[in-house]
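First, the structure itself, so that you have it in front of you.
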Amino acid sequence: MVRIGLLTSGGDCQALNATMRGIVKTVINLSTEPVEIYGFEDGYQGMIYKRYRKMSPSDFSGILTRGGTILGTSRTPFKRLDTPEADGVDKVAAMKETYRDLKLDCLFMLGGNGSTKTANRLRAEGLSVIALPKTIDNDTWGTDLTFGFTSAVEIATKCIDDIRTTASSHGRVFVIEIMGHKVGWIPLYAAVAGGADACLIPEIPYDMDNVIAAIDRRMQAGARFTIIVVAEGAISRDEARLSKREYKKLVAERTSPSIVYDIAREIETRTGRETRVAIPGHTQRGGQPDAQDRVFATQCGVEAALGFLEGESGFMVAQRSGKMCRVPLEEVAGKLKYVDPGSDLVREARFLGISFGDEA
Amino acid sequence: MVRIGLLTSGGDCQALNATMRGIVKTVINLSTEPVEIYGFEDGYQGMIYKRYRKMSPSDFSGILTRGGTILGTSRTPFKRLDTPEADGVDKVAAMKETYRDLKLDCLFMLGGNGSTKTANRLRAEGLSVIALPKTIDNDTWGTDLTFGFTSAVEIATKCIDDIRTTASSHGRVFVIEIMGHKVGWIPLYAAVAGGADACLIPEIPYDMDNVIAAIDRRMQAGARFTIIVVAEGAISRDEARLSKREYKKLVAERTSPSIVYDIAREIETRTGRETRVAIPGHTQRGGQPDAQDRVFATQCGVEAALGFLEGESGFMVAQRSGKMCRVPLEEVAGKLKYVDPGSDLVREARFLGISFGDEA
Amino acid sequence: MVRIGLLTSGGDCQALNATMRGIVKTVINLSTEPVEIYGFEDGYQGMIYKRYRKMSPSDFSGILTRGGTILGTSRTPFKRLDTPEADGVDKVAAMKETYRDLKLDCLFMLGGNGSTKTANRLRAEGLSVIALPKTIDNDTWGTDLTFGFTSAVEIATKCIDDIRTTASSHGRVFVIEIMGHKVGWIPLYAAVAGGADACLIPEIPYDMDNVIAAIDRRMQAGARFTIIVVAEGAISRDEARLSKREYKKLVAERTSPSIVYDIAREIETRTGRETRVAIPGHTQRGGQPDAQDRVFATQCGVEAALGFLEGESGFMVAQRSGKMCRVPLEEVAGKLKYVDPGSDLVREARFLGISFGDEA
Amino acid sequence: MVRIGLLTSGGDCQALNATMRGIVKTVINLSTEPVEIYGFEDGYQGMIYKRYRKMSPSDFSGILTRGGTILGTSRTPFKRLDTPEADGVDKVAAMKETYRDLKLDCLFMLGGNGSTKTANRLRAEGLSVIALPKTIDNDTWGTDLTFGFTSAVEIATKCIDDIRTTASSHGRVFVIEIMGHKVGWIPLYAAVAGGADACLIPEIPYDMDNVIAAIDRRMQAGARFTIIVVAEGAISRDEARLSKREYKKLVAERTSPSIVYDIAREIETRTGRETRVAIPGHTQRGGQPDAQDRVFATQCGVEAALGFLEGESGFMVAQRSGKMCRVPLEEVAGKLKYVDPGSDLVREARFLGISFGDEA
């Protein structure tokens, strides 16, 4: 008998179900022993509070195309793993107990950076854990790609496409908020795919003067409209110079629900151009996975299952230079993969005329 | 020789180009005389300031599927038609002059309520004007349907679909802002099509207690998530009791860019449930027209052209009980078509369990 | 206690589940008594052979957006209702028995023309039956609209859109087969929505000379490509002159799987233009329902439920001039609603330059 | 002054315009000299017969999202480059002359395998040629990816998704023809992304007994439906054993327009299951490019332009292990990149239970 546990942790994405289907189908098809499957509800919460379902292979049929996660997910309560919660529960001990009680042979954890850190801790505590790189943000260290990313880029790009017709008709500037608090992968790809005119991301602090200048250049060249993609976590040069504490204070004091409202207001004031915002928001993690995402998610699931069947654990599935591989959890836990301001795609975007707001 | 002018006025929509194509193709194909076509830029502005292009039939080829308007549009400057602008221009006189100078036989005006009012004035001044009911809001009086509406409903519904997967995964309440400042047609249709749990529209003032109660009922019945559709112009019972002036003051003093932020905050506070917002915004008027919209837009264009070729003018094209017809401009100018709170669709929505926040 | 049965019969469509959800939600929400729901599998087969599931309201949750039917469907075995099948089963008697055994108060039947005929027979035999107008073909007599239709038109139109880019790039003629064996509603709407150049439907026999002439006119006017929409059951004038028996023989002797292959070959031979076919086929009844379809399907479901709760039966739900209503089953059973060659939309299509192949 | 020529050759795809936009924007933005752009019409035909347009940068604005090619394309007339055409034209000489007459500094050629062979010949004749790997089929040797591929996979996958709902409702087997005459990249990716049950590709000859067995296994396990993806050029083991000449003869003698009709008939006969076909056909190269395709197409365009500006030519742009690079034309000309039957994705697909019809 083989016993496996599954959980999905952190912000959801489109290809979580596709990934779990890949794991389960492969383990069932290749295992020489009978397989028992346990699905934990709402991420690590399910492990801590023993909320789980015994699942059958048929639960994973027909879910390839369904967004979200059939297990539910949560971000809490993992700010500090060793601090007991209000209810006094020792989280690590509780998870170990659940793992032992169910006699699990492996826990498959689909999650992003924070979740991988927890997975690494469980590994250090002696559990067999295999992580799978879930996040629309593509910011997981150690892998070129995460599942969720291509689907999110498609949706962000569709938003730019749709905004283009109305921006053009009215001769307006549009400031579009694209997901990415700490990293700018989705905004960067969507800006290139959507043909945006400027792209402000956390990794490249912007100067509003440069953004205004980019708009002016377009208008002088006869363009009717301008589209500016802004990451949720875009940061100005002035803000980038602040200490971490000062910046946190500044963010906490913001009254508008998104910086795109502030940026739009400043652009309208300084250029005299009608300026509007668009915020695709959570739709970027919603809906169905695109085909590329389903293929990659499936590959992640298969690779994780193979690793397990070969007796390995303590790794995260990854793709590097187009090949699936396994990287030790301790190497990747808690690290972020940022957009390199000197990378090819940023450079290519500049050649196309996309301003990052940092021009000399 | 036959000379026609075209303009698109007010907020843009997906099927403006499809409609113009319908007009031009029909006039060209059926007219016994050569046809000259003038396209005014940016709505009535083009007529006032003599900004127009002489166009050829081929300019209208291949635009059936393109959103926005190839002529550009604007909402200004028509608050008061008889008040001269800052530049001292007499707007009505200027438009009459342009019309006469170009020896137009007819002006085809694609616009919503405000624009139809202006069209009616031009008619009263002796110009031949034919209006076509453009608006995503479906609030034009005198017609059952406007072009733009079905496309906007599709996009609003797609937003609800996409939000559903993430709402379900995280067990959240989502408050989705759908376009409609004065009327609730898009929110109503999208709420039914998207399977929302509540729908707040301007025509039916809501009581937040009822909305909270609806959420509670769902949660008690075991639902993980709740989706609440809110029209831009949704109004609470308390607000509805204010005088027009008081209400205007209240709206002016709002600091958040949309009421959905305020509603979401109140829901989160009162229910203790994680609550998020989604604002599809201008994407609802962007992108390509759907098939139904293209058919209806084309029918509007053909009917307008036929009216012109039969020597009629001073009417707006309309659809009533499934038949295309023509209604006098003076009958419809400046009137809004509201959702009737006692109408079939509202009643049907209630049977399905959708709360309008006005339950006894 | 109230007991209702549900079945879906004939070719499937996108909005069957949405319709059933509308029925069940309304009955559950409005009924003063407890409700028992029986779902028959694979259409009338389930009734004859007692294959059914007792269902709970939650089975109808989350199915609004899912195409196909959760009950399964079948077209057989109803060529002759009174002829026993190979297994000797008396079909009518068996269905009556199932109905009585389950003590049903009503059978909700979602089906097209053939299925409605059977429903009417069951009504005549004393069962309470309510029919709902399901078919992508929109050919149900007695209602302006059927559910499935708008979704199918969207897909057919999307096919034309996609073909346009490749037709244009290569300078080709494309012949696109659109669903419609006996009627041309989908081809007609898709041809207008997709901007096709010709549209051949069963109701308007075509002459290939006219089609060739239409292509030639386009090419002479400088067009690079031509798109011809052809209903599955399009018929030439020569074929239309045959007796029913002769035509049947001719159809039976065809070797190519669709007439579009034959039409394309003839066009290529006669015009010397590269000609290709496209056959969206069963995708036209697949995938998710569009928003309009979901709204209409829901309205059908609600209306059927209301009729039942008001003690009515023996009717089909319909929409006429934009209003939901109920029409006696005996009035509609087995009748087809054809495209009227003199109708507004055909006339409008001609004004746009769409050839129906019957030009004088 | 810098003078560049552009042409698109062979079957069209979704991202040709996006690629050309990338080339032109980069050359314009980075070139220190004025740039003259010549667009050849309909591929190499335009070069041979001197059909070209002088183009401005604005011709390449707004085309990022438009499928097809604004230049037109053709597959002819290049079976044998040195054999004069019927009109006696010496093709190579004519192209050299056009190149010299226009004083071109470089020809950018967007094309697949056959087209690259011609490009290599022109290079050998002394022209500066840069090739860009265009093809939905992803079969260009020397690059991991071609533009067009991801868009085609999305469409093929969408077809499988749509067919699934109707296959499931009716309990049918569906045989879906996916593009790929010589290689199976699109079918393979779409089969994994769409969750197909079998996938027959040219690189892995199938035995119908295995396909039937796969269907039987599914049916015995309780599945209602089976989806079989078949590449246009799928080949049975018996056919694979034929000599090239015998196989060609066999193909020429086929009467059905696609092998899926024959395969479907055999399945229906042998399993007794209702079996239908679906043929997305040319829609797989139509419509708009997806976001991934636009990003990659743009990167190809930029890289080609950079090579030119750095004084290089005679290469094809490629992506290897995630990095853009340049490979000598002579290395890649006329070579096909096949699916390796032992590759990771094939292996992974097998683990998921996808049959390739070659099971032992």
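For clarity, chains are labelled A, B, C and D in written order, and residue numbers in each chain start from 1.
Everything that follows uses one rule, which is that a residue touches a chain if its C-beta (ideal position, glycine included) is under 8 Å from a C-beta of that chain, and two chains touch if they have at least 3 such contacts.
Here is each chain with its UniProt name: A, B, C, D = 6-phosphofructokinase.
Values in this document were obtained by computation on a predicted structure and should not be read as measured data.
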Equivalent interface to C-D, taken from A-B, B-C or A-D so that over half of the residue contact pairs match: A-B
Fitting chain A (6-phosphofructokinase) to chain C (6-phosphofructokinase) on CA atoms, where both chains share a sequence, rotation angle to nearest 5 degrees: 180
Rounded Å distance, chain B (6-phosphofructokinase) centre to chain D (6-phosphofructokinase) centre (Cα mean): 42
Chain centre separation in whole Å, for chain C (6-phosphofructokinase) relative to chain B (6-phosphofructokinase) (CA means): 31
Approximate Å spacing (C-alpha centroids) for the pair chain A (6-phosphofructokinase), chain B (6-phosphofructokinase): 35
Shared interface positions of chain D (6-phosphofructokinase), touching two or more other chains: 158, 161
Contact graph of the chains (line, ring, star, complete, other): ring
Chain B (6-phosphofructokinase) contact footprint on chain A (6-phosphofructokinase) (complex, rising order): 8, 11-12, 14, 16, 42, 66-69, 72-74, 155, 158-159, 161-166, 168-171, 174, 224, 255-257, 261, 276-283, 285-287
Residues of chain D (6-phosphofructokinase) that touch chain A (6-phosphofructokinase) when the two form their complex: 22, 25-26, 29-30, 64-65, 144, 150, 153-154, 156-158, 161, 189-190, 192-195, 290-292, 294-295, 298-299, 302-303, 305-306, 321-324, 344-345, 348, 351-353
